[in-house]
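Encoded as structure tokens, here's the structure I'll be asking about.
Per-chain numbering from 1; labels A, B, C and D assigned in written order.
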Amino acid sequence: MRIRIKPAEDFGIGGAVARETRGRMLGRDGRFNVRRSGLGFFESWSAYHWLLNIGWPTFLSLLATAFVSVNVLFGALYLACGPGALIRPADDPMTSPFWQAFFFSVETLGTIGYGHVSPRGLPANALVAAESFVSLVGFALVAGIAFARFARPVAKIRFSDVALIAPYQGITAFMFRIANIRSNELLEVRPRVSLSRRRMNGGSTEREFHELALERDNVVFFPLSWTIVHPIDEASPLNGVTAEQLKASDAEFMIYLTALDETFSQIVHARASYRADEVVFGARFRNIIDREDETGMVRVDVRRIGAFDMTPD
Amino acid sequence: MRIRIKPAEDFGIGGAVARETRGRMLGRDGRFNVRRSGLGFFESWSAYHWLLNIGWPTFLSLLATAFVSVNVLFGALYLACGPGALIRPADDPMTSPFWQAFFFSVETLGTIGYGHVSPRGLPANALVAAESFVSLVGFALVAGIAFARFARPVAKIRFSDVALIAPYQGITAFMFRIANIRSNELLEVRPRVSLSRRRMNGGSTEREFHELALERDNVVFFPLSWTIVHPIDEASPLNGVTAEQLKASDAEFMIYLTALDETFSQIVHARASYRADEVVFGARFRNIIDREDETGMVRVDVRRIGAFDMTPD
Amino acid sequence: MRIRIKPAEDFGIGGAVARETRGRMLGRDGRFNVRRSGLGFFESWSAYHWLLNIGWPTFLSLLATAFVSVNVLFGALYLACGPGALIRPADDPMTSPFWQAFFFSVETLGTIGYGHVSPRGLPANALVAAESFVSLVGFALVAGIAFARFARPVAKIRFSDVALIAPYQGITAFMFRIANIRSNELLEVRPRVSLSRRRMNGGSTEREFHELALERDNVVFFPLSWTIVHPIDEASPLNGVTAEQLKASDAEFMIYLTALDETFSQIVHARASYRADEVVFGARFRNIIDREDETGMVRVDVRRIGAFDMTPD
Amino acid sequence: MRIRIKPAEDFGIGGAVARETRGRMLGRDGRFNVRRSGLGFFESWSAYHWLLNIGWPTFLSLLATAFVSVNVLFGALYLACGPGALIRPADDPMTSPFWQAFFFSVETLGTIGYGHVSPRGLPANALVAAESFVSLVGFALVAGIAFARFARPVAKIRFSDVALIAPYQGITAFMFRIANIRSNELLEVRPRVSLSRRRMNGGSTEREFHELALERDNVVFFPLSWTIVHPIDEASPLNGVTAEQLKASDAEFMIYLTALDETFSQIVHARASYRADEVVFGARFRNIIDREDETGMVRVDVRRIGAFDMTPD
């Protein structure tokens, strides 16, 4: 016998969390309000993962720091080989032995090797060999990480600032709007929307989860904006709910969305969440798609993704 | 309760677009006739995405321009260090100080470092260190992007120039033909065909969408050509439609197709569209598969993918 | 209405091929006996695809040829700059101007730049700049392709030399055996088996296709060998077929198999085919799994993947 | 007719293994207790696969060894060119001809080329060309492998040390707990649990397999820990089983788990196994999720993933 999984439970945050958390589970940006403890530094902290996720300025600063550090280190080591280890032009205006050694290291690490300075004796030559190895391997690693940073597909979906609950085809519906703000196309976009709220259960409160049925649960093409709609029919857990009840139950709508990135042919995803106070009752999204202009193009104004009008009673 | 999604609505262009557009939605080449506005330059414009999509000549020209520019910049900086910053051979016929500095920069950026010219003093050496860093990091980025350009799987499906509506197994059918024009094999090819057309609704016109049921909706192997067929039975939205009605309703057939690229083991996709005036009534595709020759091979002539004959009444 | 696709037609070689081919469609190694004509050289021939698929010796020979060619080219160009363009040691025993220029090019392309030879004058220096650019870009491309060659996941499934039709659980079954001969694990292995055979249809012959139902159509783990079994029950197109009938109908069993490669976390696939004369009636595969030895290991002898015994009548 | 595949058989270790093995099939770490024999060295041993799977210290040592070896080789070759092949400073304190040649090779392989030593004559120059080619190609390969090592997504799921069989919602259930110990998020986690045990069948014993139905067979988000539960209802093969029976039947619970790695957007997987003596009867997992602290965060203590308490009778 296959045990039926009730849709309401299918979203996947474990029961234990459900009972104990009261704050927001997903931040507006989709990050989890969760901390994992009890792990050693190297177990949980994946250097590579971190190097992938830092911004480009941080990444480049890091590389520059590493570049200078390695040259300081090897510069010091060349210096330690004694005064005759590096042959230099006699009239060199740069008389500091450290700077001499440092810039010799630069020429070696960068595989330039002008030769106006050159190593002399076994220790200096052995250091050159070591630095050459560091240069080759280090550069291979940097190139690998630089590429991986590029190749990582990231969806940049903009979600409307608020979700709406508004009249919709005779009933009401919960809806929010999304747009792709990258220039690459997204295909086969599939959202899943889950409602989490507190419920009185005897004396204690429990957190319950419902997956919300969507009017349309995928689109093949996503060139413009898309208003994702959960019709509040009799089967909906939102049936008859008021704004006050939604807030009182500490409700949170969690969204998980996958898509196929056309440029990279990889599956990308986005997450977001709306709390009860980010849901507006009795409003409609304003049209953000302009009529075709002389070129026959359709235009969508992504800035106004969250624009809405209150509906007259 | 799970809300049933009618196949006709499942294709995924939002209703708002549907109502307002009149021109072609997908170009013949599968690009969207859509513009996203209201985004900052850096939000929507992904430099990496652009670098991936430009042609190789443009890409290489860009690299060459960057190479020259960086050398001009560093050449100017070496020049600014003053006349004694670069030691040069006394009998150098190239007397222009700028060219001397420019080519010294080339030797440094390219990590060649012949050494007939070499830096002298702290400023020149510091510049060398900076240029060496630029060289290492810049090269890593270029290698990364070059690889990403290679690794991006792209399906090159050729679609017949026109689609046909022709007698088919007792009824009629809408059909078009595709072939893979790359040498890599495509597997598990899955097309989806959607019809979009205008419809009078009271006084105003609306655009309606129908997903068309296909005789066969996937093939595992795709070594030759494939004629994709939508039989026009009683359930088809094309049932009884004439060429004039098709044109009057501003009909557009949109095609979305995924496949597994054998070489890269990645999912690739193609898009295309036929407008009403690209549909020929009463025609059959001509056979483009030759009988096996002496080697036992089957041969398909991809040039004639769109070749058709009018059927006699 | 959704048109039902009969399993027998679902394998995906188009009808036109079916009617016209008589030889083998898939070679024993899974390649198609198919040629695409009518394409321009650059349309069908993907240089990158080719560079990915050639063997390593060919690939390295190609690189070596390119390396020498570029150096011959630039050597000739340096030579064309005239006798004073390269400053050389006076006592150089290598008096051939071409070799002098060639090896200077090597030092430049390889970014070594010892400096015992150095460029003199604008033309030679400009050539150095050009060669440096060629070196940087060329190397980035080579590194990219080398990586792509590595990263391309390839399943290496060994198929038994013959397929068997033998008694099986009261009825008979069509079966063949596979093993993974790479050291990386394959997961979620899913084979699809299709039968193609000729059938008399009035005066002409047609080729018909049947997808064969498998006793088990996927395995999660695939550490050993797997005998894939199609039970020949009443619903099987092989029901009651004899070896002679199989040969007379020019039957071919085509196999398509996907799996998840553990090392690369990518979907890989393999193809193979058995013709009627590669099917043995009345035989069983010999056991190739040894009892666990002292270490508790199970051992599978992949060499004997095709070993079988005739069953006594 | 489609042959129904009984869930119990769906896990995918072939019957032959089942009958013959008695030890553990999957190690605690998910590796197979299986050896493939009969393959040539190069057939089964994928150098690339091996280079991907060794640890970083081993990988770097290997590179260092290769670096030294190539330099020893080319050093010896330069030496073989005779005493005049390398021009050196007259006052070089390093008088060993081998070390002179070795370090010249280092400067060449590393593309440094200071030039205080330089090649003289055709043989030495030809060697330089060869070493330059080795340098370029070798480095491209190393960069490719280094990147591939980085890019390979690996899930690091920690499994509880033991599985429990304990009262659960009126009946009992088999359960174990998992946590993600990497800093990257895992999405759409899907476990499959299979029971393997020996059964008397007439005089001989057979090994039978059952896939265990799970209370919830996937979670979309996996920020914390997850207790995977198989309820032991009447349909469960564990119905009524005692600890003694479990051990006597040599039972093993095999777990296979896939997830989508957020950072790499690739499917990753993990495997594990519990033997009968790693299953504790009558125990509950201890809560490892702390109440939200002042920051509103939920905290999970991954160290205590396996912590449990015996339940009072």
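Note that in this section a contact is a pair of C-beta atoms (placed from the backbone, for glycine too) under 8 Å apart; a residue touches a chain by one contact, two chains touch by 3 or more.
These figures come from a predicted structure and were not determined experimentally.
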Overlap of the subunit B and subunit C neighbour lists contains A, D
Contacting subunit A as well as subunit D are chains B, C
Comparing which residue numbers subunit C and subunit D contribute to their contact, where sharing over half means same and under half means different, the two sides are different
The pair out of A-C and A-B sharing more C-beta contacts is A-B
When centres are defined as mean Cα positions, the distance from subunit A to subunit C in whole Å is 36
Whole-angstrom distance, CA centroid of subunit A to CA centroid of subunit B, is 25
Two or more other chains are touched by the subunit C residues 107, 111-115, 139, 143, 147, 151, 266
Among line, ring, star, complete and other, the chain contact graph is complete
Subunit B partner, complex, touching residues on subunit C are 1-3, 5, 9-14, 16-17, 20-25, 32-39, 43-46, 48-50, 52-53, 84, 87, 107-108, 111-115, 117-122, 125, 128-129, 132-133, 135-137, 139-141, 143-145, 147-148, 151-153, 192, 194, 254, 256, 266-269
Note: in the complex, subunit A contacts subunit B through residues 7, 60, 63-64, 67, 71, 89, 92-94, 99, 103, 106-107, 109-116, 139, 142-143, 146-147, 149-151, 156, 179-185, 187, 189, 213-227, 231, 233-235, 260, 262-266, 287, 289, 291-292, 296-304
The answer for subunit A against subunit C in the complex is residues 111-115, 143
